[in-house]
């Protein structure tokens, strides 16, 4: 072990420290700036870490502390592959969220920001953990702050909605825990540097090397998959999501939809497919059918939604469904698409939430039918929304296009008909997105939107960053592909 | 200026720059500045395009790769441009006509507030940019970028007056119908990638790669691409967005819906001609769809009263002709018709715009009439356009249409008969339009009459230029039978279609037959033309009866919109509502909440076990003991 | 005597005790029934002790012959202690409610 | 049939009969008296089993001390037959059936064993006071001492619970 | 041995202190001193300080089996008791007049706990259980003016006595059934073959009696009523320390006596486990009173601890000790807060986070631990239990059932959290004067301990391998 601090540690502990710091600051404005600066620092580290990706810098990216050695677990973190990309996403999203909601004021702001940073810590942990128990720890830990954030600062029905969300995901996680235990008991021994030799091992590598029969893998797969599917969420495990998104404070919804849902995909990529290779051929069709049914289903529901937040929620279900389907298509194109799309979807949906938040904060309304004419009052907002909305439906030269293009190609490679059916979501997405734009932005102003003001500087900055990223990654996505290329090829070769 | 190809990236980039300048600077730029910037960048592109064209004419072509869009093991998609005969020709049309429309717009849109004026120009520039990317792209993905880009721009431009819900509905419709086509396009691209691992034209069209594709593959790919073309080029069944798209400002209609965007489908098929030639089944479908569209749209156009609607349906109809041409293998003819159509249709639209401008926004022909004396330039140019579209020699439309019809006859005489019927209708409704607008007495209000005036120079200049082109544009494609070596266009495009020509069986027609066909079609069209002229020269609003019977069907556009509503929109909405209200709320969420409720219910029931009575507790315990004893003693493990 | 006879006898007494607990509602009688159960156990234990002696098993343990009887002795001790506490509780309840019917004990339920 | 068998049967019938009477009789006092009869019968069994010490202790502790205590309490409370509220016959029937089933299950399991295991009667010196006393104070000294804790706590309990305090009905 | 002697002696000391010391608060300090002494003596016997084993040596004729495993369990018990005294000691004073007697009885209970965790013969198991139970009957009824307390005491007593009868019947049959005529639990000579009918009957009786003690369904019926009726401080003690001791006894008996024939009786345990989880978790959902909810929750947690009996391997034992610590600390902590509340219903907790943020935070940690959220001891202990059960290699479905019920448990624990954080108080929720600085600090220490166990459980497990 090196004596220096490694990147995964920095990314993990820094948010935690900032969170603790936030709890002790009494003044709201100070807390805000502190959290913002802190998250920017995290972002800076994440960006710096990008220049140390090669194998030569392994010691910067790997860390392994002895922890509970006699049951074969250690505090093993590693920044690599899909995890690196998602850690980057996490690092990117928080400052943007903080910037664009800078003007929002919260009761007990210190607790709010503290919990936000705690959730960042949890998310980072999920993305860097290379030990099953550590992974599970952070998997749950990311949930707790969000639970409090949603319930405490959410809408009027937030307590029930969040609770449903919590119990739902908690149930899934517990099922995964049983799966982890089962796999754990079928791993080989693990020797530690302190001389302990544990009977079994929680290390990711040991999980990859288990000697489970195809039958066992078959049912273990579902234990894991349900947890991930609930988190993503994949049809028909999604019913917590629209309510939660609707009721949560928007900055938390951003975290939820931008980053947390990626935990599920990430889990599938790192912890599911490579661990149960024998189960995959048997389940692929079923899972993909679920995903694709979910795409169409969610898109259809999104078309008839009046509630802006629920519309975005259902659109997110559709998008995630596509990504999940692509993961199970298990070819290089699809996986590569998933990798970059995870990032891009995060960016785009956060952008959408920022806009919705602005509209809701100003008008107090989230039903589209009661809005209209915002384009006249807030042209800058309109431009941002239009750009992000079109990015969300994967228009070429926006970031999501490249991702979705690869996703569809991957699915197509797996099955023509699945690609055709899921492809119709391209149309449906167009329908509901344009409906939204029309109802919210166009037409004449009404009593509610009459006094709409255009966005403030901080919001402009936040949205501007997103729009810039939308175009940069839309026009030149290759760097992001390079970042995850090896991870994909490793996965495909499994 | 040794190699202009080094600078071709400027062609799309300049409009993009224009878009950024006018878009971001909409709060600072004056109208003049915005109009100038917007037009100047297009002009600059035009100049470069001309230079590039000249170099291509010398036999030079180029494919330039800039950077990798996607580069993974399975495939590589580069950001690449391809300049060859086909794309350089389209570049000329787009930038040339585009420039004229920009110029026209500076005047036409002058009444708009400064901000919106800038916005308008930025959209126009963006549109030109997208269209340029579409035709310059060196592979299908780049083409798709432009393909969707024009869809987006048309959405933005149709919904330019966004306060009006009708307009935004039209914009939405346009985008979504385009997207349906785009899906077909995308699937075709996926298919190519899956089979070949590349989408670059240069690689796809090599013999080795094509040999990898089975006939089913090719048929499927071409059909899917054709679905894309149907959407973009407004063919049955996805044509209805185009007439609705007249909601946008008139120059936009001219640009998008006449000269450029809708021809993307033709460009794409011409680009992929070799694939289509190898898929005769698809070609038959294309020919039939094209012909049907041509005739159906023409019938609808006969009964429309909105000046722009008539033109829109005529566009649809003309596009049908082009597809007929593609379907029968007359690629050159189709491209030729694209070009001539761009000239005269832009001319007609702009002329119509001039009329509307003069009529203070009035679009109903029934309220026009007799404009001849007020607007002489508009009148003459418009008349030229009408003659050109009616296919009267030696105007441009004649040559291109004739080439298609000749090819159709060679394929099957019935196609020709139907095509001629369509041409007759074209002549009829165009002259109905012309007569109702320019001849007879003025039927509008006093106030409108008072305002009638000829449009300013910025409007008439493009009209004049286009009128000249509408007359002479066809001369580059004079058939062999008139002048030996007359068909310069065919010679120019020869390298593009060489592959196809090599495998198609040429139906050689005798010159006599050709002359005969030509004569018949011209005569019939002339007859229809005169009939239209005669019938409507004394048009009277009061004497106009309500349409009944078949005429009513035509006026109501064959009830296509209603049909869509009935078989697609409404069922989809009902299904969605069913999903939302029944499956989601009662089904899935019901199960989830039901679990919670069930546990709650169980909790309420189970607590009655806890009755508080010691006797009952002991009884339950004894029963528990009984169970355990039986379990242990009498049930073997 | 066969041990089965003792087993049958003592189980019968035991079950009688249980039935008493089940059916009676007077706290004192319930308690007495418990005492009956304990006595049934005591009897069985002594019987088992003698059974082991008869079979002569496990000579290794020096005290085995007396083990069970000592155990019974302890049971009696415990029973006595229990009775003192139990009666104290019953008396306390009686003082507060003037009733020792267990079926009236339903302030605590659900 | 030997005299031992006869006395065994007699004593058993006596024990079972009085046991049934105990749970069946309405008056608590009667119940107590029937229980004392049971104790006597069991003591008789102890004698048959050559456990003289236990037989005596049983009489002294149970019949003598404990039952008298019960009797005192019953008298103190002035409980009689009428104080028992009307019975719920259905519950009783269920109770008897449940108990009967239990007995049936247990007996059927235990009586199925074919092999006979005789019980030594009237022999050996395990039950003598001398033997028991010696074992109790040597081998069993720990439990013996520890049970003092039991008694202490029982004593404390009786004192704590028995002390009189005024009643406040506190429904919390 | 240290523990048994010292607890008994200190119980006597406490009793006499009542005679000599008139102050009402003094016994608390005496008791705290006593428990610290006992704790340290226990650690000395465990050689936790590395200065060699120091203990009173009495020839017990192998009736006791003192191992580091047992001692580490006792260490956990005493530590929890210390915490209990520190947090709720002053509330014991409020129950009634006989303060020193209450403390004395608690020490006697601890003596019983020490016995049942080290016994090697069925006799000491029986005596231990009685020593443990009889003081509890008294403590349950110690709030004499309260009819609920009276009623609880009588119910507890009657049913406890009933279960004693069953326990003894079990012991008798085990004694009769084994050829050695022995009460020593490791001397029963159980072969691998099928059990003799008498042993089987005895075993079932033992399962029933011990299930009763640990309040496993369907022998749990006394639990909610007694826990509800007893003075809250004593409920806190009963539902934690006493209950885990019961489990310890359970595991010891079945591991040593019937470990070899485990497959033959595992079905019983599975049946009881599932039923316990079901009844405990599901019934708790509807409870409005936090006290009663905790009673059901203790049943639910018992269901999880039953997994240790099911598994009976090393992991299970480690897990049981962990569970004892995590569960006891958390429950004692919640009860300590609950006692201070004016209203025991869940609504009574409304808005606690506003008025007493530290208390609310600590309570949240405890509740999260009971739910089994990572980073808390509750997770680690549940994890060990599940692992242990999975290690048996049979009936994997059981642990899936267990986690599903754990998910239900979130439902009722989180209701309290919701009340504290997300709801507005309608009345004064808590008596501010009661909340001293010391109380807060102790509570915080308890919360930190919970998290410490969650992060690094080896500091407790480590004791077992001294």
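What to note about this one:
We just call them A, B, C, D and E in the order they show up, numbering each chain from 1.
Here, a residue touches a chain if its C-beta (ideal position, glycine included) is under 8 Å from a C-beta of that chain, and two chains touch if they have at least 3 such contacts.
What you are looking at is a predicted structure, and each value in this text was computed from that prediction instead of being measured.
The set of chains in contact with chain B as well as chain D comprises C, E. Of all chains, B has its CA centroid at the greatest distance from the CA centroid of chain D.
In this structure, the chain pairs C-E and A-E differ in their number of contacting C-beta pairs, and the larger number is found at C-E.
Chain-level centrality, scored on Cα centres against the all-protein Cα centre, points to A.
Chain geometry summary: the mean Cα position of chain C and that of chain D are 5 Å apart. If you average the Cα atoms of chain B and of chain E, the two centres end up 77 Å apart.
For the pair chain A and chain D, the distance between mean C-alpha positions equals 69 Å.
Mean C-alpha position of chain D lies 31 Å from that of chain E. Residues of chain A in contact with at least two other chains: 167.
The set of chain E residues that touch two or more partner chains comprises 123, 127, 130, 134, 137-138, 141, 144-145, 147-148, 153, 155, 158, 162, 166, 197, 200-201, 224-225, 411.
Each of the following residues of chain B touches two or more other chains: 596, 607, 610, 612, 614-616, 618-619, 622-623, 625, 629, 633.
By the document's touch criterion, interfaces exist between A-B, A-E, B-C, B-D, B-E, C-D, C-E, D-E. Residues 18, 21-23, 25, 30, 102-103, 105-110 of chain C are the ones that touch chain B when the two sit in their complex. The touching residues of chain B, when paired with chain A in their complex, are 67-75, 115, 141, 144-145, 147-149, 152, 155, 159, 162-165, 168-169, 171-172, 175-176, 179-180, 182-183, 186-187, 189-191, 193-194, 572-573, 575-577, 579-580, 583-584, 588-589, 592-593, 596.
The touching residues of chain A, when paired with chain E in their complex, are 67-68, 70-71, 133, 136-141, 144, 148, 151-152, 158-159, 163, 166-167, 170-171, 174-175, 177-178, 181-182, 184-185, 223. By the touch criterion stated above, chain C contacts chain E in their complex at residues 3, 7, 14, 17-18, 21, 27, 30-31, 34, 37-38, 40-41, 44-45, 47-49, 51-53, 55, 57-58, 60-61, 64, 67-68, 70-71, 74-75, 78, 81-82, 85-86, 89-90, 92-93, 96-97, 102, 105, 107-110. Chain E makes touch with chain C in their complex at residues 122-123, 126-127, 130, 134, 137-138, 141, 144-145, 147-148, 150-155, 157-158, 161-162, 164-166, 168-169, 171-173, 175-176, 179-183, 224-226, 228-229, 292.
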